[in-house]
Each structure stands twice: as C-alpha cells, then as structure tokens.
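Listed below are the structures to be examined.
Same chain, two partners: subunit A is paired with subunit B first, then with subunit C.
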Partner chain A sequence: MMRTASPAFMQNLRDVVEMTPLLVVLLGLFGGALVLGLLQSFGYAPWFGINEFPTTRYFERLWLSSDFWFSLGLTLYYAFAATLIGLVISVPLSIALSKRFKASRLFSALIRLPLMVPYTVGIALALVMLGNGGLLSRMSAGLGLIDDPSQFVQILKTHGGCGIILVYVWKQVPFMTLNLSAVLARTGDDTVEAAMVLGASSRQIFWRVTLPQIMPGIVSASLICFAFNIGAFEAPLILGGGYPDTLPVLAWRYFQDANYAFQLQGMAVVVSLALVSGLFLAAYLQGYRRFERARGRV
Partner chain B sequence: MIGTASKLRDIKAINPWQRLLVLAMAVFTIAPFAPLIIQSLAFRWAWPNILPTVWWFEQRQRSPFPLAWDYVFSPSSRVVEATINTLGIGITVTLLCLVICLPAARVLGQRTFRGKNQLEFLIALPLLLPEAAIGIALLMIFIALDLAGTYVGVIIVHLIPTIPYMARTLTSVYQGHGTDAEDHARVLGANRRQIFFRVTLPMILPGVIAGCLFTFLVSTNLFLLTFFIGQGHIVTLPTLLFAKISGGALDATGAGIALIASVPGVILLIFTDRFIRNYPLAE
Partner chain C sequence: MTQVQLKNLSKVFSGTPAVDAINVDVACGEFLVLLGPSGCGKTTSLRMVCGLEQPTSGSIWFNGQEVTNLPVQKRKVGLVSQRFGLFPHMTVEQNVAFGLSVGGMAESEQKRHVGEMLEIVRLTDFAGRFPAQLSGGQMQRVAIARTLVTRPKVLLLDEPMASLDTLLRAEMRQFIRDLHEEYGMTTLLVTHDQIEAMDLADRIAVMFDGRVAQLAAPDEIYQQPADERTARFMGHSNIFDCTPVSDGYVESLFGPLKLGAGSNRGLKLPRKAMVRYESIRIVESVDQSQSNVVSGTITRAEFLGAMMRYTLQVGEGFLTVEEASSFKRKTGEAVSLTLPPEQIWLLQ
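On to the complex of A and B.
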C-alpha cells in the first residue's frame, strides 16, 4: 500500500509540478525586485559601500521636497486624464462597432492599429503632427493663423502634457475598445431588445442596460491602462515639459547619476510610485465592489 | 402586433452619430501616418508647406534612392541589427513563455483548489504594477548577476509583461476545452505523451497560436524594459527609434525607422484579423 501512491495524490503532485515554472519565474523576478527595492530604499546597498539599513532618510528627503509632490501630481494627472478620455471615447466606440455598417471589419481593423505598434511610434507621430514644425502648425500657417513656427501653440514640451495624453489615448483606445467589444459580444442583444420592447429610450438603454453590463470590462480595462500610464516613461521623457518630471523619469534620472548614492534615492522614488499605484488600484477595486454589491450582483 | 414591430428600431442599425464617431476615430488613428510617410520620401520639406517642395524622385540623379531609406537600410543606421534582435528576442520570449504557461494553464483552467483566485491575481499583477518600478528594481539585480546588457537578461525581463497575457489566454482555452477527449484517449490506452501531442494540442492549437501571436507582439513593442535592462547594448526597433527621437525632433530617417518599427504590427494586424476572431487581450 505504501509503495503505490494514490492516483489523487499523483494528480495533485502533477499539478504542483506543472505550476512550478510559472511560479518560479513570477516569484523570482517579482519577489526579488520587491525585496531588493525595499531593502535599498531603506538604505541597504553594501555593493556601493552603503549600509545604513534601516534608515528612512531617503523617503524623508523625497517626501519633504515639494518637487516630489509636483512630480507625483503630474504623474497622476497624465494617467487620470488619459484613462478618462480613453474611456469616454471607447465606450461609445465599442457600441458603435457592434452595429452593422458597411466595411465594419475594415474599420475595426484600422482602429486596432495603434495597439499593434510600439509606444515610440506613437511618440514619433505626435512629434510629426503636433510639434512646432509639425503638420498642424503648417496647416495653421496655411489658414493664415500664424506666420512663424514659434507662434504655434505649444502642445509638446509643456507640463500641460496634451501631447503625452494624446499619445496615451491614441494607443489605449483600441485596447479598451477591444476589451469592451468582447464583453458586449458575450452579453448579446437580448436584454437590449427586451428593454426596447418595453419602450425604453436609447438613452435609458445606454445608462440602465448597456453600461451596467459592460462595467466589468470598463473596470478591468481602465485599471490596466491607469497602472500602465502611471509607470510610463518614454512619452513624458520626450514630450513632457522637463524638470520636474513624472516619477518614472525622475527615478531614471537618479539612476543615471554618476553618484551611486543617488540610486538609493531613485529606489525610494520607485517604491513610492508602486505604493501610490497600489493604493489607487485598491481604492478603485473597493469602490467597484461596493457598486456591484449595491446592485446586488455580488 | 405589426404596429409595435414597425415602431421598434432595428437593434443592429447604426445611427449617424455612431457612424461619425467610427469615422473620426479611424482618421485620428491613421492620419498621423501620412506625414510620416511623406517625410521619409521628401527631399526638402520646409515649414510651412503642407507637402514637400522637393520630393526625392525629383533629385534622383543625386540619390537613386530616397535619402532617408538609403540611410535606414545602410549598416550605419543599425536598423537591420535592430530588426534581427527584435524578431529573435520576440520568438525566443514567445516560445519560452509558452513552455512556462502551457502546463500552468492546464492546472488553472481545469482544476479547482484553494487559493486559486489569489494565484490568478498574482499572475495578473505584472499588468497592475508600474513597469518603470519593476524595471529599475530588476536592473539592480541583473547588474549584480551580470545579466544587464545581455540577451539573456532582456529575454528574461520580457517574460514579465508577456506571462499575464499568455497565461490568461491559455487558461481560458483549457477551460473551454474540457477533459472529455483526453479521458476517451486514456480509456483507449494512449499514454500521456500521445494524449498531449495527438489529442490535446491539435484541439487547443488555435488558442495557442492566438496567445503566441499576442505574446510576440507585446515583446516586439516593448521599450521600457528593453531599454533599462539592455543598457543600450541590445538595440531593438523601439529602442532604436527612441534614440532617434529622444531629442524631441523627428527627421526623415526617424520617420523611416518609425515606419519600419510599425511593420511587425501591421503584418500581425492583417494576420490576426484574417485568422483569429478572439483576441486574448479581450477577456
């Protein structure tokens, strides 16, 4: 009896073995990054000859500087604005794409294109469209609005960040639309049809039927986009207004500094960034749960 | 009855506003590529002209090839090297990711156990943490392990954003697949290897291909982690383009590189649209 293990046990063992590679990679990379990041931000870096663990002075120095809070504000502003604008476009767009119209497949493929190209391509497009020597500037000159590139309204390289937000929106609307389209396709038209038969107006159908149905898709898509936007680096670096930068750019600048000690400061930025992102996502999920509970779905 | 039916709107009919929105978004998406293409073919394109004053073919006795493209395809631009790197890393990451995720997806898709929800959350976590934070923290570890600036390091780090997509796709594939066919094969005396290669794999292949295509796409488009971990030694199309435009200006060669960097995505767009209806992302 002892020699032959039970089939159930073998099956469980097989499950564990098959999960292992994934867990090793995730925990190794993630756990490692997490532990080391935390250690360093609290002053542990013996390889630079620095070991003040545990010290909070890197966080103190960071959190007491007004530049940090400005950077944090910028980071959150870009992330919020882009996610919100993206949603406002994607929700009606996904509904429109679920309708029947000519060349609908061609159009939905065209609209998906930004999803398939790198962010850096989006940034290049922003430069060629929105820069002072860009196409919009040339068009304004053609309309007689301006007669020198420098008179063109500054869209890029400002803390207003229109360029950054536009690149995010351009890149993320397809992602959100695709998510929402999948949810729409899964729910089908039955409830909408029922509402129509019962005499609901288009507006009522949208607010009372469709929107609550696609809410899970909205939440998951906006969570992913928001988290991405908070950590985005290249768009704020190229299209942003310079110092004070967004937090990821700030962290990178600390890391590029010739003085190694600044890397610990950079790690404090990184940990703060992860903390802020985590807090916002947790609050968002909590709010969503409450919403679903209020509707009696959970 | 006929009266009510005629009063009802056609549920699939598109209204003019929706038509306008679709059209506007298509223009917003595609139109910016026009100046990019024009710029890569221009010889002289001074402000404020909407179109170039001198196109390259008017100067073809001076350069038989558009200047920008001539540079893009010359060895000094490193475009060829970057393309090979991008494709090579993408394929390696995809295969590695598949090997890691396929067995795990079977467990996640077909078995029930305690802590499964938490495990699925852990797998989705890379999508919810800022990439810059992960990248910088990992860079320190990779420098210590001598992996920074190497292909191995870049390939490992590409697993982070690709695993969530691949695992999710394959999990839902296994969920939909069930275990009936495998049970029949087992009863008929097939061994485990035969079951996997003769029964399971052919049946789940469409889902596996979808997951692979998307993983490849995520990897080829990745900039930040390649840039941080590659330390400038590993040049891919996104990082090459970044180096070209980081000054905040785009010249003709930058336009050419941007177009080249879009090619894998455009090919995959056509490919996926033809062969795959359900995107792994959309779940």
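On to the complex of A and C.
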C-alpha cells in the first residue's frame, strides 16, 4: 500500500517551492557574489591570470598601511556623524509631525521632498550652494562679508567632510523621520497624556516616556542609515577632501584601475569594510538587545 | 476633598459641538458617573476637567477656584483611561513611582509610598514585572495605583473597565467602590454601561448629543427617566402611547390604566408611558383588588438564565415581561398580567 505524505510535509514543500525564485536570486546573486568577492580577496582570480589562493597578502598590505586606518577612520566618522546628526534632527521632527497643527500637511510634504530627489542631485545642489564659487560664497561677497568668493570658508573638498555629512543628513532625515513617525503613531498618545496628568514636564516626558518608547524606531532607522553611509561613495568621491579617501572610494579607485590585478586589492578593501561595518552593527544590536532585556521587552 | 463645577461647558470640534453647554456640580467626595452612548461627549467632558482638552466656552471650577486655563500638570487630578497608558518600558514599581519621581520626591519616600500603594492594590508580588507581563485586571490596578499614589484632588476614570471581561469587571467594580469608600475622593467616571453606572454612582448624568439629559440618583433615573431616550438607554422597558383621561387614569392600547401617586400624573397631554419588563407581573388568578389587569397570549419565550423573557400579545399591542425562570411558560399560553400603577411612569 502506498503511503501518502503528511499535510505538514506537503505544506513545507509548497513553502519551499514558492520561495524558490527568491532563494535563487538571493543565493545566486548575493551569496554567489559574496563568495566570489571573498575568494578574490584571498588571491583567487584565475580569469585575470592570478591564483595565489589562499593568501592574506592583500589584507596584510592594506592593514599595515597607515592610510588604510586613516581611510577607515574617515569612513566611520562620516557615517557616525551623519547618522547622529540625522537622528538629532529627526526625533524632534517626528514628534512635531505626530501633532496636528495648521500647516502640518505642508510640513509633512516638505519633509518628504528629499526622499524623491536622487542622491546625485543633492550632491550637485551642495556644489552649487556651498562651493567656493557657489551661491553662498557669492552672496557673502555681494553682502560685503568677504572681499572675494574664494575667501569663503571651505565647506567642500575637505576631510572635515561638512558637505558629505550635509548631503547624507539631507537625504536620510526624511527617511528617519517617517520611520520614527510610524513608531510614534503606533505608540499613541496614551502614555504621554498619562505622564502629563501625573505632573511631568515636557522635558521629563521626552526623556522618560517618548524616547524610550521610540527606541526600536531609532535603532532600525540608524542601523539602515549607518549601513548606507558607510558604503556610499558618490558623495565622498565628489565632495571629499581627496587622498586618502574613504574606503568605498578607495575600493572604487582600485576597481577602476587599468591593471586588473588591483581588483583583488579592491576586494580586500570591500571585505574589510564589510567586516568593520558588520562588527559595529552587531555590537550596536547586541547593546540594544541588552537595553531591551533590561526593560523586559525581549 | 474637592467640589467640581462645570459651568456652561462646551467643546466644538471642526464646527460640530461635542459638548454643548453642560452644567454639572459634583459635591465633595461624590461619585458621579457620566453615562451615555458613544459620541455623546462624556469623554470630551472628562478630558476638559482633566485639562487635556481646552473648552471652546464655559468654565471649570475646583472648590470655587477657576481652573479652566490651568495646565494639566497643575490641576492635581488623577486619570485612569480605557487603555491605562502604562509605560511599557517601566516595571510596575517604576510606573507607580513615576508621578512621585517627576514631582521631585526623595527616592526613599517614593519607595515607601509605592510599597504601601502596591499593597493596597494587591500587587506587591508583581512590583518587578513589566506591563506586558500583566493581565488586564492587574494593569488596571497598576494604573489606579499610579494615580492614587499622587493623592489627586479629583479622580477621573475614563471607561476603565471597557477592556475587561465580564467577571473581571464585577471584581474591579467592587475594587473601585472599596477604594472610593476608603479615600472618599471626588470621582468622575465615564461609561456607556448602565449597570456599571448604577452600581457605582451616587448620581448619574445621562448624556446625549453633548447635553445632559438627566442628572439624578441611579434609582430615580431608572424608575423615573426624564424622557423616552433616557428610559430606553437605562434598561428594557415597554413604552407605549397613552392619553390622560381623568385624574389618575390614562387610556392606552391595552385599555384604561390606573396610575400611581408617583407616576408623573400631573402631565395632561397625550404622551408615552413606560413600564419596565420586570415590573409587570404574570398572575395565576385575578382578584378584584388588583388594578390594571390585562390578558394576553405568549408569542415568544426567551431563556436568559436566571430570568425568562416573554413577549405577549395584549389586545392590539405587545408587552414584554421578565419573570424568574423557575416559572416555565410556553408559547401560545394565555395569561393574565398586572401593570402595578406605581410602576407606570409617564414620560415628558
């Protein structure tokens, strides 16, 4: 007698079949590229006539150079600073958005606007506005604040990275604000009203009631933005201070080199970047989980 | 203890009046219930007393002092809302201590007060738990403890039992009644549940469309409602047209009915009369001393547990009667009924 498969088995099979297209894309494209990148960074690239696998010389060359550590510091600084500034702006904005006032719809639309504008447009706007021949410098000269536009304080093309951070912040504030607004909408007004009735001031309500409740939104928004910032290269390439560059720009330069052998060095940069970024994000998540556990939420 | 007065209090939202010039006086230590269907303005009224909503016009007074423009933080009221508003990231102990802590009380003092309050609400063993780890009833007790520990002048309860199941509601009603007796605090409770209102209130303000339809003691509102809407809202009743024919008598579709001394008999124009389901009695034998005896046939019988509900055809009309379920009667059975004159109430 033939045995029939159990309904649970059939359901599992159906789930796997339904997931197959997604799994193929994920494993084939993302997973495959990841493995290939790793292999290249360890010296495996027979299609370029290089097969030194396994070698760590690309990593050694990179990690033993002081420029690499400067680039890493620069990359982390831009990513951290932009994420932090973005959060400092987005938290009060999201609280303001959760309240109803006369121009709230216009306010909400204005906040969303940068989401619809491509990154490169933001970079171009920064060049037009903040460059030494830009609008602000010309206005300053026109107003007599400086004698010549070239005397305007250098915002772009410096390792201080004001322009880069500004573009990152401009682009990610709407994203963070919308993310936090969604968390605030889910939380509702009950706890804030309860705190008010219990005599808490606006400052006490913010620090002791609102902020802890929107922490999950802060964590997810900052994770996504940090991960993006650490890997972005257009803004540092165009608005950055030049050599030594951030790690994504460094990798890009290796990949653009006429000598294919440099691709392996580029891969070592990318793998190092992914490693550092992954470590930071994991530590951040671990810290947040501990924070949540202390509050009984996990 | 605090006396609360609402004078011509109104609130308009986008041109629509939510509360329309209500006048309510709550005596010191009184338990007043604002009762009405959804959207009648009872919660808005409570939120105005609390300070969470600013009135469009009118004023609010505590002990003869106007508080209409006083910020919510300075009113010293306590609010327990339907969803409790517990801080999810704080333990029970931290939740209860919140009001004391933001008020700047020393930590040792806070601990003592919180400990005492948790004992009163029987949650000492749950002090270290988070709201998500509590049942609905426990959450409500935390919300009440958090409010009472700050010793508010007025306690405001906004449908605090709405999210609890029937058994827990009865238990919490008893708990709230005990607390009110112990603290003697002026209390305003908002509910749409007439049983809850009658059980807890010293007086009830029945509200419809933003106005107070009747403000009186629970038994008065139940037995002598001001109008048909209040009568229907306060419980099941037979309401039928009648015309006063002579002093103490009305003509109805069930024949002439004698009225009692307290039947609102001064009213002369044709109007409606009300008799509660449970006030009508099915009698086995009729004697001459009984008034308002009518005959009818049972057309429908419903088993309600302790009671049976019968719908009877009486002449051209229908009457509904409730009787203890120990008397089982059948559909189609002919019976005699008496409508006690004292239980007939003419509606305004």
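We take it that the second predicted complex is superposed on the first by the 289 of 298 C-alpha atoms of A that agree within 3 Å, B and C clash if a C-alpha of one lies under 4 Å from a C-alpha of the other, contacts with A are read in each partner's own complex, and residues count from 1 in each chain.
The criterion applied here is as follows: a residue touches a chain if its C-beta (ideal position, glycine included) is under 8 Å from a C-beta of that chain, and two chains touch if they have at least 3 such contacts.
Since the structure is predicted, the reported quantities are computational estimates derived from the model, not experimental observations.
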Subunit B versus subunit C as contact partner of A:G160, first or second or both or neither: neither
Touching partner for A:M196 - first (subunit B), second (subunit C), both, neither: both
First, second, both or neither for A:Q204, with subunit B first and subunit C second: second
Which of subunit B and subunit C A:Q213 touches, first, second, both or neither: second
If touched residues of subunit A are counted for subunit B and for subunit C, the larger one: B
Which superposed partner A:R295 touches (first subunit B, second subunit C, both, neither): second
Shared contact residues on subunit A - subunit B and subunit C: 193, 196-197
Footprint of subunit B on subunit A - complex, ascending: 15, 17-19, 21-23, 25-26, 29-30, 32-34, 36-37, 40, 47, 89, 92-93, 95-97, 99-101, 105, 107, 109-121, 123-129, 131, 133-135, 137-139, 141-142, 149, 156-157, 170, 173-175, 178-179, 181-182, 189, 192-193, 196-197, 223-224, 227-228, 230-234, 237-239, 247-248, 251-252, 255, 263, 266-267, 270-271, 273-274, 277-278, 281
Residues of subunit B defined as touching subunit A within the complex: 4, 8-9, 11-14, 18-19, 21-23, 25-26, 28-30, 32-33, 35-36, 39, 47-50, 99-101, 103-104, 106-108, 111, 113, 119, 122-123, 125-134, 136-141, 144, 156-157, 159-160, 163, 167, 217, 220-224, 227-228, 237-239, 241-242, 245-246, 248-250, 254-255, 258, 261-262, 264-266, 268-270, 273, 278-279, 281-283
Interfacial residue positions of subunit C with respect to subunit A in the complex: 50-52, 72-74, 76-79, 81, 83-91, 98-99, 102-103, 129-130, 132-133, 143, 146-147, 150
Touch list for subunit A against partner subunit C, complex: 188, 190-191, 193-201, 204, 208-209, 212-213, 215, 295-297
